[in-house]
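Below is one structure. I have some questions about it.
Chain naming follows the written order as A, B and C, and within any one chain the residues start at number 1.
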Amino acid sequence: MKMEKQILHPNNPSVQPEKAPFRFSKEGIFILLCLAPAIVLVSVFVYYPIIKGSVMAFQNYTLFDLMNIHFIGLDNFKAVISSPNFATVVKNSVYWVFISLFFQLVLGFALALSMRKHFKGRGIYQGLVFFPWAMSGFLIGLIWRWMFNGQFGVINDLLLKTGLIDAPIAFLAEAKWAMASVIIANIWYGVAFFAIMILAALQSIPDELYEAAEIDGANKLHQLFYITLPYILPTLFITVLLRVIWILNFPDIIYSMTNGGPAGATHILSTYLIDKVMFEQNYGQASAVGLIIVVILLSFMVFFTKASKFEKKGDF
Amino acid sequence: MTNAGIWLRTLKVVFLSIFLAITIFPLYWIIITSFKMQKDIFSLPIQYWPKEFTLDNYIQIFKISHFQTYIFNSFLVSIVASFIVLIISMLGGYVLARFKFKGKGQVMGGFLITQIVPIFIGMAPLYMMMSKMQLVNHLFSLMLIYTVMLIPFCTIIMVGFFQRIPASLEEAAMIDGCSRISALFKVIVPVMLPGIMATLIFAFVQCWNELIMAVMFIDEESVKTIPVAMNSFIKKYDIEWGAMSAGTVLSVIPTMILFAFCQKYLVNGLTQGAVKG
Amino acid sequence: MRSRKKYFALFFSICLLLSIVVGCSKESSTKSNGNGKDSDGKVTLKMIESLSSPSRTALLNELIDKFEAANPKIKVELISPPFNGADQKITQMLMAKEALDVVEVREFNAKQFAMNGFIENLKPYTEKWKNYDSLNDIAKKRANWVDNTPYYIPNGLYERVLFYRTDWFKEAGLEVPKTWDEFYEAAKKLTNPSKNRYGYSFRGGPTGWDYALITMWAYNGKEVNPDNAFYLENGKTLFSSAKSLEALNFYKKVYKEVSPPDSINWGYPEMVQGFVSGSTAMLIQDAEVIDAAKEKLKDGTWATAPLPIGPSGVAQQVVSGPGWGMTAYSKHKKEAWKLIEFLSDPEQSNEYTKRSSVIPVHQNAFDDEFYKTGYFKPYGDMNAQPEIFLDVTRPIDFKGWGAWQSAADQDLQAFLSGNTSAKDLLKKWDQYWTKEKAENKK
């Protein structure tokens, strides 16, 4: 349970003054040698392009107008934010992240709880229900795109058969359905991750705790609230935090299901960004969208860690 | 058992069954579609079990494309990248977990920030870089990009694993005359094998499934990975859902096998420490 | 990082890393090296196509094989990115000066490529090329699209006609529609959602705006300036007229009443699939589709007809002619031209246009019986009536073209799904192009 503090407080290094500088020690060289590959690679191939890309956010940098690349201050941000689609994109991103997250969390938690105790065939069961996590978002998008097909889609057929609808719905063609459809696909994909994380946490709860509670006459509900939840809370927090970041930065499902359509009704920030790079080729505005994502996520992280009162000092 | 207990049990069984059905159904559906005749795919009423089974879709996909090449490329990229990631992140994670030194916090922080920043911001400059290095349309570009994309997260995970293992373990080995590195590999690695496996699966799956970068950097037939190939299928053939589903099934099989063998490590590995805390 | 030892360590670890890296890259490197020259002196040309489709790629590869057989010292690698986004990919590769020798250039990016110095002026080559004068007028016009300079040699012409299901029409006792009104009436009668039958394969997805333009042009008729068809003869924009409003409302009616709801997202493959799979009765597309339709539909169940004309009595469209150009930075220009020359040679070119069923670029090709009867006949008929079927030009060399084009699909989708009114849409485009006109005049 040490890690979450560290993860949440990366920028709070407490340098140990009592330790002598290692500058000339053998140990120092060892440390450097081990870290160098990671640091060098990440600096060159992650930080450098990202910083260079971020600079583009302040430039008129589009492939349609290559002769005319120059700094334009905040114009890209203005253009992005004032574009009529942007409000939809932000709204979609909020739906996409929080609705997906809510159902993934609740279902994942329920799944993990149900699987905590060993039952016959649990291994196989686990393998099957966790499998979506190992699939690519792109393929998941394809599969659901086929199932949501307006003419030959199985979902329409099932809904017709059960009498829930009278006529097939063009799920991916109508704005109001399209967003719901991509979110459903995303929930299907993401439950497994929560379940895996929570199950791992549940399994590390000593059984004695429950036995003791049983003897004290605590019912299952009490056990859930007084033993299970407090014990796995740190895992929940870190998982939620990670998922918010990942879900927002996860364009694959939408990319293959609707590619942002119809009429941009299913664009979220990250698909919007990719669209700006790959199709509009407006690198400047794309980077502006990217920086907006960074600002949103950073403020979310600060807010979230504050709200969850994880304020103890990290130890490095 | 009390009444409530029975209710709870029943509830659990019902929930687990429904959940299983919902999880499996899309997979079932794509597999079934891949064995249907072209004409049956686009006909009403929908067949929940194909009237006729056919391998046509599979034959077609190998005929119209070099699917075996894509599979090979995907394997090559994923295996190379995930092993390099594993080694680099183990070394980095070990040092970060065991030593206290100046700048350690900054290093961790630097890794963490990469998780927030969408890598797509850097896509255009990265393309220029790869182009200058003559790596566009070269599998090596993907290996490199996947490696760097995964290093930060895997290193952070590794730090967690190492912290769970008492330092006394390798210290004892070092007293016995092992060097630090050999102590690391001889003593610690076996202990944290589940965790290492979990990281490796994670890295492999991420590489195997990555789409956006691959689409950006790869266009030539001979170096396409499965996601790139599937992406051009959907764009070229679109509603050829028969071949599409066959391709989907084929590209899912390797992860399915891997997952069947290794998924127990995932939970166990994570129980051992990892991102858990 | 101040001590020398650490620099050494850093250096050492980078070397270590590179050695791992190089070790791997060797394994995976199955391709030729960067400058395109193998050790045995063989030149490798890289060629990229934009209008890719599986059958076209196969055909091109066949022609390339022929070329390689005739030129054993040259090897050609064809790159075929998926059609949607291919042009963006090509631009990106050109900008990065990726190793490419022959590129497929299209009207709307030709100027941009030429301006940025990406593609080579082919004049020195065409001057010595014996078959240059054998190109037909439209092909020549397209080749000299930018600054009256040949930057590329068209490989085929794309002109739209109406595809329709003769069996369905007969069943319902309908005649082939000649005007947009008749078109709508026929489509309406053939639409039966419960049987999964619709009148028309609507294009609401990528470049759907093209179809909206065709409708607007047909409604505005002769008032449209053919040399810059986003404007009227009176100098105002196409989008300012009341007839355009009428046209757009008609366009929406066609989507809402006689087309599958899904078609708001349909691009090229979907609309063709809709027609050949028997869920739509009519389709407006290039001759290219003739091939696909032949393959999937029985003879006698379908036919082609000229494009419907508008209330004004005319029908305009853009005849497009993509072609092969050469990168300005190619290291093997001589060989690249050889390839372009080979592909553009009447013999190869005519075979290519015939088999990929596009309109040929060489004059003599039309002598072939192939183009006088059957599915290609409407093309002859349309060409014979130039006062009704007009070739028009879009302002693709205007600065704002790219941005408009990428936004237009979304604008239209918003209009079709009821989020914007026709008036607002036209107002937006009118303002945009009025401003563009002022800016491009300078």
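Heads up, the rule we're going with is that a residue touches a chain if its C-beta (ideal position, glycine included) is under 8 Å from a C-beta of that chain, and two chains touch if they have at least 3 such contacts.
Keep in mind that this is a model prediction, so the values were computed, not measured.
Because contacts link each chain to all the remaining chains, their graph is best described as complete. Taking A-C and A-B together, the chain pair joined by more C-beta contacts is A-B. Centre-to-centre, using mean CA coordinates, subunit A is 38 Å away from subunit C. With centres defined as mean CA coordinates, subunit B is found 15 Å away from subunit A.
Shared contact sites, meaning residues of subunit A that touch two or more other chains, fall at 28, 33, 37, 41, 278.
Multi-chain contact residues of subunit B, defined as those touching 2 or more other chains: 42, 44, 144, 231.
Counting partners per residue, subunit C has 85, 92, 196 as the residues that reach two or more other chains.
Interface residues of subunit A, counted against subunit C in their complex, comprise 23-24, 28-29, 32-33, 36-37, 40-41, 62-67, 85, 149-151, 167, 170, 172-175, 258, 261-265, 278-282. Against subunit C, the residues of subunit B that register as touching in their complex are 42, 44, 64, 76-77, 80, 84, 127-128, 131-132, 134, 136-140, 143-144, 219-223, 231-232, 235-239.
Touching subunit A in their complex are the following residues of subunit B: 4-5, 8, 12, 15-16, 19-20, 22-24, 26-27, 29-30, 33, 41-46, 48, 88-89, 91-92, 94-96, 99-126, 129, 144-145, 147-149, 151-152, 155-156, 159-160, 163, 180, 201, 205, 208-212, 215-216, 227, 230-231, 234, 241, 244-245, 248, 251-252, 255-256, 258-260, 263-264, 266-268, 270-271, 273-277. Those residues of subunit C that touch subunit A in the complex are listed here as 2-3, 5-6, 9-10, 12-14, 16-17, 85, 88, 91-92, 95, 112, 115-116, 193, 196, 204-205, 260-265, 279, 399, 401-403, 406, 410, 412-414, 416-417, 419. Of all residues in subunit C, only 20-21, 24-25, 27-31, 33-34, 48, 52-54, 77, 79-85, 89, 92-93, 96-99, 196, 267, 269-270, 273, 277 touch subunit B in the complex they form.
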